[in-house]
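Lettered A, B, C and D in written order, each chain numbered from 1.
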Amino acid sequence: MTRVAILGATGYSALELLKILLRHPAVEIAVLTSRQEDHPPIAKVHPVLTGRLNLACEDLTPAEVAKRAECVFACLPHGVTTEAVPQLLAGGARVIDLSADYRLNDGATYAQWYGQPHGDPTHLAEAVYGLPEFFAAKIKDARLIANPGCYPTTTMLALGPLLKAGLIESHGIIVDAKSGISGAGRTAKLPFHYPECNESVSAYNVGHHRHTPEIEQILGRLTGRDAEVIFTPHLIPMDRGILSTTYSIPTKPVTQAQLLDTLRAFYEGKPFVQVVDHLPATKDTSGTNYCHVTARVVRDRVVTISVLDNLIKGAAGAAVQNFNHMYGHPETTALA
Amino acid sequence: MTRVAILGATGYSALELLKILLRHPAVEIAVLTSRQEDHPPIAKVHPVLTGRLNLACEDLTPAEVAKRAECVFACLPHGVTTEAVPQLLAGGARVIDLSADYRLNDGATYAQWYGQPHGDPTHLAEAVYGLPEFFAAKIKDARLIANPGCYPTTTMLALGPLLKAGLIESHGIIVDAKSGISGAGRTAKLPFHYPECNESVSAYNVGHHRHTPEIEQILGRLTGRDAEVIFTPHLIPMDRGILSTTYSIPTKPVTQAQLLDTLRAFYEGKPFVQVVDHLPATKDTSGTNYCHVTARVVRDRVVTISVLDNLIKGAAGAAVQNFNHMYGHPETTALA
Amino acid sequence: MTRVAILGATGYSALELLKILLRHPAVEIAVLTSRQEDHPPIAKVHPVLTGRLNLACEDLTPAEVAKRAECVFACLPHGVTTEAVPQLLAGGARVIDLSADYRLNDGATYAQWYGQPHGDPTHLAEAVYGLPEFFAAKIKDARLIANPGCYPTTTMLALGPLLKAGLIESHGIIVDAKSGISGAGRTAKLPFHYPECNESVSAYNVGHHRHTPEIEQILGRLTGRDAEVIFTPHLIPMDRGILSTTYSIPTKPVTQAQLLDTLRAFYEGKPFVQVVDHLPATKDTSGTNYCHVTARVVRDRVVTISVLDNLIKGAAGAAVQNFNHMYGHPETTALA
Amino acid sequence: MTRVAILGATGYSALELLKILLRHPAVEIAVLTSRQEDHPPIAKVHPVLTGRLNLACEDLTPAEVAKRAECVFACLPHGVTTEAVPQLLAGGARVIDLSADYRLNDGATYAQWYGQPHGDPTHLAEAVYGLPEFFAAKIKDARLIANPGCYPTTTMLALGPLLKAGLIESHGIIVDAKSGISGAGRTAKLPFHYPECNESVSAYNVGHHRHTPEIEQILGRLTGRDAEVIFTPHLIPMDRGILSTTYSIPTKPVTQAQLLDTLRAFYEGKPFVQVVDHLPATKDTSGTNYCHVTARVVRDRVVTISVLDNLIKGAAGAAVQNFNHMYGHPETTALA
């Protein structure tokens, strides 16, 4: 049994994490933290856990957490995580960070997109990008995992194999993504007030979304060439789910069959990505750790469609998938 | 042309009011107020008005408003309206109040349910309850209209005629009502954060909702007997609409046909209430000033179902219907 | 390992059943049937099963099914199940029927409400009503389980303990229930076409819903007295979830604390019903086999609110809970 | 007063048309047709019209319709309209066709995309494409209007002025569009069954949608050059609204200010298109005949975002806007 802690247990990703970990045969949920002063029972914060998990949120220092847990899932806001990670690692814990703090391996890019200097450059280089379909070998032995962003995962799982196979150019890639509203977090704000965003779709952060450099960095890492992405996220009136539609330029004429074959070959033996012939819907993956991907050729462009549950394969499920790699469990434990 | 003002122009009822008044041939929208310091153009507050209304919200005293407008629609929070009304009336304006402040004709009941003494007992007795299907004669000459609550309107339009006709008892009435989320107003709060209330239904304020005494008072006024209501409101994941299901005890055996005939006779010549044979859906009235009502006999109970749009017939539309009565326009002007 | 079959594998309850059974350590999903002639792979019918279950739907006789499966979950329409059950039992299978066919222990009542004579009166008397919180002892050894209707379960779990304890009268009970649209099944019909029922709430089958006699029968069985229910179901624009609001007459003055204590005492050791102080939302139970219940006293009435996921605790989850009782597994296996 | 007929009065566009025409001071709704044999009152087909329009649907020949109406709004399926139009025109009526039948001015392209030969090539050349912001002069005197498709309108209103001004290339244009489900019509089918498409987003008809040639044809007409579009429509879980995100290649470096200025200059005096600085949401135009447009430069691409209500500016509202031009009414009559 591995004792785990969840930092920032009150948000949506933390809830999904708890639901998954409750089914994990080798995990003991040992510590939950939040900055709420009244130390609420977790079932008060997340009523769906009533009768299922009898723990209260505590307000602990990272050092205290590291004494009580071997593995720490950090569900803190970006900028806050870097305050905790050095002490957690110093205390001997391994960390799976669901925030954006360790995803960019370059402090300057972080500073440029997040508007503040990186708080822990020492460990930035050490962090392993936790996309197991691409980096499983490194994840196994990592002390610090940067769990990927939901949009980057959705997009990478479609584009990555095609780029690696040299079928598409790494520049001029358009990513038009659609996300459910849980992606905006659990803080009440007017744009996410039900009567504002229900029955409506809108684009946001056009040209400025912080997942842009993350997508570019990982695409670049796969090919060794700079990648350039035009990324437009949209808010969809649904709780959860992401669909990413990408448009890229083939390096030479290509057929739909070649695209699908390349994807299928890459995901052979990787259970959580399913390459499908039909056009998938986000609901096909809702509540699961699966991503469904397909590809088309439209005129002279390669179009990919990929879908997943932003809170699971896009966050908590991926975190447990990483945990399974790190602790030697079958990848699908608690996730199938 | 009547110059009108809207106090508290930033909420959902105010928006619906503006959309209706823009179509009213005898109205000039002269003044909009809000307490926002930056005096935003109304189209910035309500983007749907872009290119349709070129006015900014102002922060004015009631006296200033009364100088610039003959009729004032007050969309202020309860407790705030009573601060403005005396000056508005003193300045010569007529007032249609969409808040709860003048609905209960008894300051003690107000204090009991709203937790504070009534701020303007002087005018409380003068206020006319603005349900035109029942009180049109008084509305005509009123200086101060208390526009009814959305739940009371929905419920009264079903029960009122049956009570008046002596077909049902005035005690032991159960009102189980279902409302869209715009009824909760436009302030971002966690319970109305999209991922919290979407895909969910819940009851709230069971036994404590402030529309309870309003329903009882008006039912009582119709019959001259004390009425007693058990009222349970529910929150439904939709923008707008109220459905009120009531269960009451017939005074003597009654048939569905008698119930429907009684309703039809009462609403003869009252265009905004349509008595229907089928079971109506809130969508049948969405975006309109209509209420659809039907009735059934189930075992030994009378069951009524009534639906309307909480922001229109339940608020802004009713306000304009009152305005039409007050200023001698056909009742359906701008509302058909 | 128990080999199980699912008859009628294409609907929503069957899908939830498959998702649960895939996690059950003692179950082998051996047979899926549907009447579709092309024998589609189940992942084509339910894309969310892609890569998770590699079985096709077959068109088999009940006798053939009984040869290949020890336990049969029947997800067939009512009236069709009775054609299959005699042969399934004759072939040695145990049957958990998710249809309404064996819920009423009286063929005449069935004929009256379902408009056709009962097709298998022989086994009707033998069938055990599969509500484990009330009838666990009988379920254990049953050959034929009538899995309860979603509305009856929601309602019974709130009212049952109060009736048994003699706190409320068994007549004059009003049940005002609200269900998500998956309750209407997976057949495309105009009332469930998205733009028809989205953003709308409506009552249906007022006074005529077939769950009425089921609720009355079970309430009656608990008390030994005839029960009488006025039942009004409503359609809510959400995928899943039921909230049942009941209004009943206390036998003598009662407090909220007494009601909650009675409920808590009854559900001691029954993990899937959680008695809560707050007003629960359907979302608190979404995707789980839990029911959350609370109670209030409003004026002189007892009001209960209970919520559950209609496809899980209201159908597939309850079926697996029954299976666990029948096959000696911990009740929470695959359901926690 | 102009007597108008609506052919195919049972669908969603027809309903919106009726709601708008009921407010039109110069229109008499004279005839409604549908192929339903029982000639239902229109309020039975569309309950929201109860008490507002007392007409029944009739099953008439086009010749009979032309005798009773001067202007005919045809809301028939494509392929069916061409059967009616010749007789309507021969009978002296003017026709506004909301189907796709007269949008492509080339029978061969029609045959290629619609899979059947065009049924009325004679009048195809005469038809005027009813996008008043671009073709008002021709609309004025037209006998036959091809009311534009919802996606083409949304897309054209953003791209048209930029193309005309020579700011963007007419090839390599990517149109990623998102539509509410009413766009799929009112026929119950499994993909639009509430629990299938709710809480989900999916792409459909990728590379094959029939609005592709329509967009290309009109873009080409504006520039005199062949246009080429990669068009991907997506289904969004909401009743109504379209958001079109386009990505195009600037002909030379361009700024956001230049794009917005060009759009503003073009739409000067055209009230129904509002150029906005912020990123608009479909809800900003819901229930109105307005389109909101903005533009951005992201890296080396021009990104436009445009939103409108698919049933109004994308269908019925545009039809009335065309009617107003044809009959000499102010463009905003019944639409403001």
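What we mean here is this: a residue touches a chain if its C-beta (ideal position, glycine included) is under 8 Å from a C-beta of that chain, and two chains touch if they have at least 3 such contacts.
Fair warning: this is a prediction, and the values are worked out from it, not measured in the lab.
S.K.: Degrees of rotation, nearest 5, to put the Cα trace of subunit A on subunit B?
M.R.: For the C-alpha superposition of subunit A onto subunit B, the angle is 180 degrees.
S.K.: Could you tell me which chain lies farthest from subunit B when each chain's centre is the average position of its Cα atoms?
M.R.: Relative to subunit B, the chain with the farthest C-alpha centre is A.
S.K.: Find the geometric centre of each of subunit A and subunit B from their Cα atoms only, then give the gap between the two centres in Å, rounded to an integer.
M.R.: From the centre of subunit A to the centre of subunit B is 46 Å.
S.K.: Go ahead and note the Å separation of the Cα centroids belonging to subunit B and subunit C.
M.R.: Each chain reduced to its C-alpha mean, subunit B and subunit C end up 39 Å apart.
S.K.: Suppose each chain is reduced to the average of its Cα coordinates; what separation in Å results between subunit A and subunit C?
M.R.: 36
S.K.: Any chance you could list the residues of subunit C touching two or more other chains?
M.R.: 180, 196-199, 237-240, 280-281, 283, 286, in rising order.
S.K.: Within their complex, state which residues of subunit C touch subunit A.
M.R.: Listed in rising order, the residues are 22-23, 47-48, 50-52, 199, 271, 274, 276, 278, 280-281, 283-288, 290, 292, 336.
S.K.: Would you mind writing out the residues of subunit B in touch with subunit C in their complex?
M.R.: 174, 176, 178, 180, 196-204, 206-207, 228, 230, 232, 234, 236-241, 243, 245, 247, 279-283, 286, 296-299, 301, 303, 305, 307
S.K.: Which bits of subunit C are touching subunit D when the two form their complex?
M.R.: Those residues of subunit C that touch subunit D are 12, 180-182, 186-190, 192-199, 237-240.
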